[in-house]
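Written below as structure tokens is the structure these notes are about.
Per-chain residue numbering starts at 1, and chain names A, B, C, D and E are given in the order in which the chains are listed.
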Amino acid sequence: MLIGRVIGEVVASQKEPNLQGLKLLVVQNTDVSGQLKNGQVVAVDSVGAGVGEIVLYASGSSARQTSATKDRPVDAVIMAIVDSVTQSGNETYSKSQDPN
Amino acid sequence: MLIGRVIGEVVASQKEPNLQGLKLLVVQNTDVSGQLKNGQVVAVDSVGAGVGEIVLYASGSSARQTSATKDRPVDAVIMAIVDSVTQSGNETYSKSQDPN
Amino acid sequence: MLIGRVIGEVVASQKEPNLQGLKLLVVQNTDVSGQLKNGQVVAVDSVGAGVGEIVLYASGSSARQTSATKDRPVDAVIMAIVDSVTQSGNETYSKSQDPN
Amino acid sequence: MLIGRVIGEVVASQKEPNLQGLKLLVVQNTDVSGQLKNGQVVAVDSVGAGVGEIVLYASGSSARQTSATKDRPVDAVIMAIVDSVTQSGNETYSKSQDPN
Amino acid sequence: MLIGRVIGEVVASQKEPNLQGLKLLVVQNTDVSGQLKNGQVVAVDSVGAGVGEIVLYASGSSARQTSATKDRPVDAVIMAIVDSVTQSGNETYSKSQDPN
């Protein structure tokens, strides 16, 4: 999985029928501190994530292992909202202290 | 999924039998404003996309989860035509205002 | 799928038993004009492609969706020989005018 | 598989239900000597790995081939803790001599 | 598939139970002449490859299509030992003339 921040949303009315009702979020990769770095993907939300939140997303066939995405043409899914990240015992990111 | 603009088409008469009838479009990656950036792929169209349109495409085994591509040797499929993209509440791309 | 030019061939006598009889071709990625760019892969041929030709290849599990490659340890397959590529209505590559 | 060092942990309380109980570790890629290089991933632990250890992780659908990760939206799994790496007969990494 | 040279071996005693008995080799990517270039992976050997040899390896779910790797958390497998590579009719690599 990769860590990223939800930075936007995509609206698409003309799409595969089985994509109806899915929320399509733009996620930009971040480091363990929540700082944006290169790499963006559009991921389906399966956990109620919103713009500004730090999330984990899974790619490839693993993105279809949620009830929202099963058997659908979806290659990225947000499967967790990050509370905190620690590195060598030090907290590098905490949702409660995230100004975004 | 990645955001891209359809920039061209590939014609191939000599191909796997089960690829007959599929439209093969060249898609170049874009940012959230629809500006072209590095990265190109040839994707099968499953939603009636045409040259110039901003689309979403799925890769890998997820590209076979449409009726057009099921069980076929296809690793990229256009599964949505983008109406709009918003970033932090601001619209960065709108199909209705896209000059292309 | 990606566009590439077949530039060579690999011979391997000691291999997985179910790879017997498959042709292993070296494919180098090209742009929409057939100009070589970075990126090479060894792909199994499923359409009678030969050295010099511009082809499409599929990667990952999709590479196993041909009769030649089904259930085999193969992650890239040539599934089409390109006749032509057009970009914004202009032909950027034509097999009939390819000097290679 | 890729070689990496476990450098941290991710805590996420709001997540896909079937991810309950899985340990989410941050792994940074290393060379054959255990020196950090570019590339990070969040992987599920299936072997009792801890921060500081050099591990192997598998990506994609292969990450779901453990009892901990089967049928879950997980695209990276730590499936081995590295004891040693040898290159051309010389030991380049040894867990017993790793100061980390 | 990608071409690489086996440059080393990984020993790991603490691992997923179904990985017992598999040989884990470090493979570094090469060009068609067998010259090392960027990119390394740890692959399971399924053909009796040894350090120094030029091999082909398959990645992703295709790496599980051998009897050694079926249903195991393995995302790269050596499935052939390369005898020779030709480019435009010229031999660029020959095992019999490889000093390594």
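Keep in mind that, in the parts below, a residue touches a chain if its C-beta (ideal position, glycine included) is under 8 Å from a C-beta of that chain, and two chains touch if they have at least 3 such contacts.
Being a predicted model, the structure only gives us computed values, none of them experimental.
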Item checked: Each chain counted as touching chain B and chain D at once -> A
Check: Can you give the whole-Å distance between the Cα centres of chain B and chain C?
Finding: 21
Item checked: Chain centre separation in whole Å, for chain D relative to chain C (CA means) -> 34
Notebook entry, point to check: Of all residues in chain B, which are in touch with two or more distinct other chains?
Noted result: 60-61, 63-64
Next item on the list: Follow the ring of contacts from chain A in the direction of chain B and write out the chains one by one.
Entry: A, B, C, E, D
Checklist line | Touching residues (chain side chain B, partner chain C) in the complex | finding: 7-16, 18-19, 24, 26, 40-43, 51-52, 60-61, 63-64, 71-76
Item checked: Complex contacts: residues of chain B adjacent to chain A -> 1-3, 31-32, 46-48, 56, 58-66, 69, 77, 79-89, 92
